[in-house]
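Should a chain be cited, it is by its letter among A, B and C, assigned in written order, with residues numbered from 1 in that chain.
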Amino acid sequence: MQSVHTGDYEAVIGLEVHAQLLTATKAFCRCSTQYGAAPNTNVCPVCLGHPGALPVLNRQVVEFTLRMGLATGCTIRPRSRFARKNYFYPDLPKGYQISQYEDPICYGGFVEIELEDGTTKRIGITRIHMEEDAGKSIHDHDVDTLIDLNRCGVPLIEIVSEPDIRSPGEAVLYLQAIRQLLMYLGICDGNMEEGSLRCDANVSVRRRGSDRFGTKTEVKNLNSFRNVERALAYEIERQIAVLAQGGTIEQETRMWDASSGSTRPMRSKEFAHDYRYFPEPDLVPVEVSAEWIERVRAELPELPLARKRRLQEQYGIPAYDAGILIAERSLADYFERACGALREPSPERYKLISNWIMTEVLRILGERKIDIGSFPIEPERLAELVELQAQRTISSRIAKELFAELLSSPARPSELVAERGMVQVSDAGYLEQLVERALSENPDTIEKYRAGKVAVLGFLVGQVMKYSQGKANPELVRTLLLERLGHSDALAR
Amino acid sequence: MITLEELRRIAALAKLSLSDEEIEHFRAEFERIVEYVSALDRIRALDELEPLDSVVSHTNAFADDVPHQSLPTAEALANAPRHNESFFKVPKVIASEWTPDQNNGQ
Amino acid sequence: MVTETYERFRQRVHNRETTCAEELERALMSIEENGHLGAFLTVTADAARKSAEESDTRFQRGTPRLLEGMILAIKDNISTRGIPTTCGSRMLERFVPVFDATVVERLRHHGAIVIGKTNLDEFAMGSSNETSYFGIVRNPHNPDYVPGGSSGGSAVAVAARMAHAALGSDTGGSIRQPAAFCGIVGFKPSYGRVSRYGLVAFASSLDQIGPMARSVRDVALLAHAISGHDPADSTSSEQPPIDLHIAPLAERPRLGIVGEEILSGCSTEVRSCYEEVCRLAQQAGYRLVLIQFDSMDAWIPTYYILATAEASSNLARYDGVRYGFRADNDGNDMMTATRTAGFGTEVKRRIMLGTYVLSAGYYDAYYRKAQKARRWIVENYRRIFSTCDAVLLPTTPTPAFRIGEKTSNPLAMYLNDILTVSANLAGIPALSLPAGRSGNGLPIGVQLQAPFNADEVLLRIAYDIEQCLLARATV
């Protein structure tokens, strides 16, 4: 992680995260939210802001927001309402964004992050509110600016943190935690590249030990974890440098420019903020009953951090493994399904499953850019592979081959093993012949071994494995070799 | 007393361009209107009342999350002063005109 | 000219004295003859002829629908698919909506014939129909006088019998005031009873579509056809459609009447007309109760703060990007150029005022205070309606004024709405009924207001009083 030398200063950071909700339709009309559709195909009079069109709130937007609110321990406001945020922009059709202002639906929660030293820290959530997205302006394809309004009206939640974050590293951990939660809850795909998850930061610095906040700047355009970290590090250092030289920080909005690796102010005069918020007269208040809250609460999935702790406890896997497995809900689900499919469960086998997922499975997912849902080896088949391996029916080398075969075959691992004669050979008589062959083809090895060069043992095992096309049980080969070498030793004596 | 400066700020917020003459004219009217509406200040009865947003008392007017047919693109674009076969077109917006809360995912 | 009422026209069709096609030709003729009044912006003669044919077929087959053959004019701020909807503004000069307003859909479904779109004050902002980009509208009773506004074109179309009825919209009196000035019946239903989907918004929390016709029964029939819940309008009421026949009327209804605080601001002719109606009501068995409007001083200020604030936001969508007018501008700010050239002076004045009252530092002093005043007004009405079933008051302080008389003084123009805005602020139903004439032959209206959602009671009482007035006329 990038380190910032803050010296006598301490950074104070709050993040505003915008997450696109995975609803089928937009927040206030029934156009599809599908990403990547042809321009201006998911539009209607409502999201185009045609005269006379009126918004109607998508119930699922409330449902999803409640999930996030409850998952972050927020209080749910029994009655909340929408407000208009007024500003002009070509891709904002109505000239206002429907948002929430004075009374957001969720407030006063927190998210726990695990710091590198293993301790946990709570980052407060000030509020979570519902709003709609704007369209897209494309500036560089034509002499004119092109406007695509497909995204316009897609539901967002804005998650505003307390200024509890103290370093760029913590900011990344917080953003990761938020992303993970959103994905666990099934309410956002977490895709920062496509803009499903976007982040702005409020940053200030102050002397260590001070309990007053310094003047903050708002840093925008932080659209990847790496950019969050780099931009915050840059901005903190910039502010410290200004203060160290006796200067003052100007309250302003700054854009992060990833190519130059710096933040620069947006011309503040043009952006005199005056959004003239007022209650949205076209919508009625949202009333959330205690029953509604309880139902959503009851339906919440196990949350990442709780699951991590349970995986460690229940399966005896290390914290590191658990951390990787819970990164995505579906990955942890895969792990648990595989564990559940074991006929003879044991901590050793759980760990083997975890190893397979963390290495080969994740590698394939990365290579093929697919998610675990479309991974060709079902958890049940991975469990069988692990059992064959644990029972020493197949060697780990064969297991790897088998894994590769399973990727393109729907067969069960045991079938493949039988079909291809992959069963590990533990027939001592047969293996003894191979051991003799290895020794006779490498007569000098006996000398070397006797001279104390124990490493030749490994070489000989390898030779036997080769003769057996990998099927020999390496441990048995080793035992036989040791016996043979000892035997010949005795003979010589 | 409303200053000309103030009225220019309001006009800019509303994206209206008013000549000095118009601004001056507006100011005279504004002052009379604002003076008139400030009658509310003299009504003591208002002090202890809660603001009222709406006269309708129902809540939770929701729609189900089920997609309906959107407009054909040609129809969506038909009323636009300038467009091509798939986009609305506006004179180039320079990057510095970015408004602070666009949150555009690029 | 069309038949005096739709009800009467329907009887004539039944008696085979006329047909929808004939009636339509009379209407079109009347529109042509009255061209100088400026009532219509668009006439949809061809489509109307097709509808009339269908209506005649249905009458012949004995399967006429609720509004079969009713010739209907629609205010040009109500969205009509494929028919220009301009709002009387240069901004929407060439705008052709892609959808029908819910009310238009319902009227077509019930067999009404849409004959065209009527002129209005630009974006319904005005009380005289002098602010339309497409020219002023004149009062059919005297073309030197205004017809009232903003639904002036609709009022004139009905008054000059170019249509059986019309739809208007009422944000602060825009149905009732022109109805009074033109001598017809105009009804603003309770907020939420009629869907606003497709009504081009002026002030969303106050706007309401309503019918205008030449009899209370025609108005009630139309109200029934257009009212009822609409899932496309979140503020739409769950109440069933308005039904004149189910009014739960007390045996001797109590009618609230107003005293000096209101009458002293009215012309003598309006005053004596009002007092005459009070007398007639009493003779008809109504108990008169003198009521007090404590909140009266707050009406106009509250209205202008809330209405302009909402308008400033509702009119932000006219930016030259997706539809409507765009200024040719090679400079940077196409939007500003478009809005500056596309809106007329009155619209700009209200956008400025609304932007001002919402802007940082003024919100509490104006907008929030007006919201408090709105609650006060609602509570004032609640107290009043605990002592009476409906309130009777003049619709306007004076009959129609001369064209140009108030254009240079916006505040004087705004004060013309003094007796109508409170019903919008309280969301209650209100109706203007023709009640007499001034010395120079201009109509005078009286207004009835009833409790929130008591639209049926209001129509029932209006019908009673209308009958009293007709009886008086025939004596």
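Criterion: contacts are C-beta pairs under 8 Å (C-beta built on N, C-alpha and C of every residue); 3 or more make two chains touch, one makes a residue touch a chain.
Every value quoted in this text rests on a predicted model; they were computed, and no experiment measured them.
**Student:** With centres defined from CA atoms, tell me which chain sits nearest the overall protein centre.
**Tutor:** Looking at where each chain's C-alpha mean falls, the closest to the middle is B.
**Student:** Could you tell me which pair, A-C or B-C, is linked by more C-beta pairs in contact?
**Tutor:** B-C
**Student:** How far is the middle of chain A from the middle of chain B, if each middle is the mean of its Cα atoms, in Å?
**Tutor:** Using C-alpha averages as centres, the distance is 39 Å.
**Student:** What is the distance in Å between the mean C-alpha positions of chain B and chain C?
**Tutor:** Centre-to-centre distance between chain B and chain C: 25 Å.
**Student:** Need the CA-centroid distance for the pair chain A / chain C, whole Å please.
**Tutor:** Spacing between the chain centres: roughly 57 Å.
**Student:** Among the residues of chain C, pick out those that touch two or more other chains and give their numbers.
**Tutor:** 95, 98, 205, 231, 234-235, 312, 316, 319, 321-323, 335, 355, 359
**Student:** Could you check chain A for residues that touch two or more other chains and list them?
**Tutor:** Residue numbers touching two or more other chains: 45, 48, 56-57, 88, 90, 147, 149, 274, 276, 281, 283-284.
**Student:** Considering chain B alone, which of its residues make contact with at least two other chains?
**Tutor:** Touching at least two other chains: 9, 13, 15, 53-54, 56, 58, 61, 63, 71, 76, 82, 88, 90-91, 97.
**Student:** Show which residues of chain A lie in contact with chain B when the two form their complex.
**Tutor:** 18, 23-25, 30-32, 38-45, 48, 56-60, 62, 79, 81, 85, 87-91, 97, 133-134, 136-139, 142-149, 194-196, 198, 200, 218, 220, 223, 253, 255, 266-267, 270-274, 276, 279, 281, 283-287
**Student:** Once bound in the complex, which stretches of chain C touch chain A?
**Tutor:** 77-79, 85, 87, 92, 95, 97-99, 101, 196-201, 203-205, 231-235, 309-310, 312-313, 315-317, 319, 321-323, 335, 355, 358-360, 363, 367
**Student:** Which stretch or stretches of chain B touch chain C in the complex?
**Tutor:** Against chain C, chain B makes touches at 2, 7, 9-11, 13-18, 26, 29-30, 32-34, 36-41, 43, 45-46, 49-56, 58, 61, 63, 71, 75-76, 78-82, 88, 90-91, 94, 97.
**Student:** Could you pull out which chain B residues touch chain A in their complex?
**Tutor:** The contact residues of chain B facing chain A are 9, 13, 15, 53-54, 56, 58-68, 70-71, 73, 76-77, 82, 84, 86-93, 95-106.
**Student:** Give every residue of chain C touching chain B within the complex, in rising order.
**Tutor:** Checking each residue of chain C against chain B gives 94-96, 98, 191-192, 205, 231, 234-238, 294, 297-298, 300-302, 304-305, 312, 316, 319-326, 329-330, 332-337, 339-340, 343, 348-349, 351-353, 355-356, 359, 365-366, 368-376, 378, 410-411, 414, 426-427, 452.
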